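The first chain written gets the first letter, and so on, giving A, B, C and D; residue counts start at 1 in each chain.
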């Protein structure tokens, strides 16, 4: 199922981005007025002398006193530009202030850790049994302000979902955070906005804004451990995944695989995207597991070189991880 | 059509050299002084930026640099101002023999300073790879060392030049005067560096 | 432009082309795996007692031995796979030291790769099923850099981590005395 | 007979010898004077002479040609990038190669084209415009060019050898640090910075000393042309901003070579230290590129509207305040790094304030056009194109100065559109205009008017087609520096349009080069003052002789050539047998000194080779810093050592 994701600034799906839109319109109007004034003055200058005869150049240049009207024009222009900029600065401070205040009282806390070329998402909860760990995807309840703590394991990334809020960098050694209050249910796509190496272009994430009951249902589902495989093919896949290469980097709750080097795969098949860039589908799963280096050259996941039967088994098992 | 020249004045008897802001090389040296000054100012800003992050400075309760060699360096470099001023006066009075006699003194002091600097590097109580504090301290001290080395080299070459007959020329006297000005800048710059490297960690 | 000047221009162009051969920085992110890793089935790499002719160097060695991206990848794998648990930062602990010149099972890159892939007695696990041979060779390249074997401009000076050892760019090259006479 | 008496006798002999020196004056003038001056100031023959030249015109010409070559190379990289981005999910170019392409495009355009071409034009024209015979420190000027050339060669040879940088033109740590940029790619970028920064600092000192000390008698600061004011402000900005990038790139190289911990947060370093130091240089850098262009616009507008620029003091104060304010707004590049919001609001207001001086300058140009009698030849067309394009870029700059807006627009294609509008619109348009304007003075031939007009309109329309859609790509959420983008986000159309536009811009620039090469051999022969301009560079022949002016002119107004009734006031008395120029006092520009001009010499080239070997070898081993500096010291000492050790016959004043 190809997902048409909405990554435009005018997605208008959260309070933060709505303030952005009003401020952006104010700035556009004032700047357009200034631009029209400049172009009008330019055209006036061009048209005005079109008819003047070719007077003697040298004589004309020397005794030229500019008429006083232009002096007042200069002062007026300076005043207009000055007040315009002061007005825009005040508008910007007001919007900035109201955004900062909105961030005061948030109810949900998530920690997003940036790695080279994927997002490690952790839902913080009071007791650890309620903690949920997923990757490249965020589920947010509509109307509930959420505070996202941003950390990085390697280089500087930038968390940016255009339809929800402004971007915020993830800097190793510094803790930054961002507050989002989604207002519209829907699927919104975001991308890393700070150049972070070979696969910076394929480090996307999807934010799923659900109604509160759906969100709770999703949370409960995420808390369950991975279902036991039933079909023999899935069982063969289970044996491969939990004993061979995959378990060196990935974790699947309820199985021996528990490495946190790579993303958590417990509910891989329930996610909308795969490898932070492609929609989740069987074809993409086959392509990615068989040879990740040809899809994201330079990514940390190696090309294992699975035999065809192993590949079918592994993909069959991964698809059971709903 | 080139305009016909209308002769309005003659500059034939203007001098070819002047001491102070009249000379072109004076402005050139001021330019390079401003560049090096900005270098040091930004290195200081980086030092205080890194210091701003830490509760304890130097971090991990590291020993501050030993005072002995740094203070000795300060004393010797301040003493070097005596021959420096004498050379500057001699240059103004075209007393070339005095210049030829005094320059080896200041070159000798420069050599002594470089040796003391070697001991200073040993007594910083940190290696540049230990942490950001050690790196920036080594960097600032290294910057000042290149500063001294370049001016010491200049003085040596200038001394060889003053030993020749050309030493009596006006422009060479201006060079000596400006070299002394630059040496004065070198030790003026050492005072903030000394306070930063040796006393700020002790605050 | 006199002819001599044109001649010097041509010479410069030829010199630039000749330099194009070095690919120390080539990032080999191969799409296809390269067949079997270290010879499977045979006993751990035959050690060449006495003067017998040492095994010819595996052709893959030159792709990894002095290759900067491979060494850097090996460095991150070293920490991710918790090799430091036994070898610490090369100084040794439960496992033998990796930064000195003592190599019980051979210090050449293919021998180290075999040690990692097959495992060794006294506790070295076999990583053949956990790591692809691409990763094994990268780890081998990094292990060699701990004792300063690769050329100084292929290693990086420090990791973005607590500085445990002196920068590899400044560590002198340890002369490798393996218990056998494997040449480098 | 003591030494003192011998020296006294020597002084008497030299004083008599001084009487016989030939000097220019009413008795020695016209063709006879020019022939002798030609022989004194001529460049030594052959290849070695070509390499040893210290004539500011030759060095300026080389700067401009080398910079335009790098513009062409950087432009070709941008075409390759546009081809890769023409359609979604294309794998025409691998990610690693694409990352190298945009790093090389950014670094080449910013460090190897924009700043050097402005310095090149200034080094060529400023001495002519100020009415003097040579820049101050001509050998330092030659050294500056060679350092720039070797820096460019280092970057491009490394790129061709597949060890080019792939870290972006501002190389944020920790990505450019030792762990995440293995090998020598980042070091080569950082060392290229050291080359171009040494070259820019040297050229800046040369320009400051020339403008302050070598102006024509009578050209007080209030009568100095606006282009000279612009270059003075730019040179002072270079002096204060370049050390910042020298320091942080030096710290990056030491982090990568000897393991210092500046940017390693595990060892009390900080990744943001790089951003602060880089952008403290970065923002003044873009004004270092823009302010010379304002100088160009003032020169063209004054000549083609046939009246002095309106409100000269306002434009000068605007230049100075832009130069000062530029140092106060670097944090607006770091709005997304989580620094305290109160600090950000200061930088928002500072970024807004810097728009006021530029706004006033634009008013003054428009008022000059409104009150003058504009002729729309090619240079004036570029000025009109500049105003239409640059103001859009300036206003989008005001938009991203606001923190909440910048948090959405930062690091997106909206920013790519903004800085191309202010850099191409703000600097390349005036540059092409000024190259057309001064082409006759540099080469002695006129550029073709028709080819120029076609080229302008193609460039103007191609530019809008290439870069206006990028605003929408940014608003639709396309981040910067992505080698591809998925289908279905609405980004296909803007990117396709930008690709087409980029090729139109490329052909337009190609047309300009063709026009230049064609006119070099077949252009109309240019008279000394083809545009009937007012400044002194038009008072000498095109191209000017090696000594620029037979007699040093005297100035008594802002527009000397318009006020000179048929004859040019001059001063005489400079030597003819030796290269000599006149120095004047800083403010009043009254004659002060006769300054001997250093002869052509190979030492600047030899020293720059020694420094190049020193810089490049210090990428690979820290010991090179010690051993590499010895040949540099020797070459520098030889440069300083006078050619012959006999005393010149000038009286010594104590």
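Keep in mind that, in the parts below, contacts are C-beta pairs under 8 Å (C-beta built on N, C-alpha and C of every residue); 3 or more make two chains touch, one makes a residue touch a chain.
Note that the structure is a prediction, hence the values are computed from the model and not measured.
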Interface with more contacting C-beta pairs, comparing C-D to A-C: C-D
Mean-CA-position distance for chain D and chain C (Å): 46
Geometric centre distance via CA averages, chain C-chain A, whole Å: 38
Centre distance in Å when chain A and chain D are each reduced to the mean of their C-alpha atoms: 38
Centroid distance [mean C-alpha coordinates] between chain D and chain B, Å: 29
Sequence positions of chain A contacting 2 or more other chains: 154, 172, 198, 297-298
For chain B, residues that touch 2 or more chains besides their own: 129-131
Residues of chain C whose C-beta touches two or more other chains: 27, 76, 158, 160, 163, 166-167
Chains that touch, pairwise: A-C, A-D, B-C, B-D, C-D
Residues on chain D engaged by chain A in the complex (per definition of touch): 94-96, 99, 166, 168, 172, 174-175, 179-180, 265-266, 270-272, 306-308, 310-311, 314, 336-338, 341, 344-345, 348-349, 352-353, 355-356, 359-360, 362-364, 366-367, 369-374, 376, 384, 387-388, 391-392, 395-396, 398-399, 401-412, 475-477, 479-486, 488-490, 532, 534, 557, 559, 561-563
Of all residues in chain A, those that touch chain C in their complex: 154, 172, 198, 243-245, 247-249, 261, 291, 293-294, 297-298, 300, 302-305
Touching residues on chain A, where the partner in the complex is chain D: 2, 4-5, 7-10, 17, 19-20, 23-24, 27-28, 31, 34-35, 38-39, 41-42, 44-46, 48-49, 52, 55, 57-58, 60-62, 64, 66-67, 70-71, 73-74, 77-78, 81-82, 85-86, 88-89, 91-93, 95-96, 99-100, 116, 150, 154-156, 158, 160, 162-163, 165-169, 171-177, 189-202, 204, 277, 297-298
In the complex with chain B, residue positions of chain D that touch it: 3, 7, 10, 23, 25-26, 29, 136-137, 140, 201, 204-205, 208-209, 212-214, 217, 239-240, 242-244, 246-247, 250-251, 254-255, 258-262, 264, 267-270, 273, 276-277, 280, 527-529, 539-541, 550-552, 554, 561, 564, 566-574, 582-583, 585-586, 591-596, 633, 636-637, 640-642, 645-648, 650-654
Sites on chain C touched by chain D in the complex: 2, 4-5, 16, 19-20, 22-27, 68-69, 71-72, 75-76, 152-154, 156-163, 166-167, 169-170
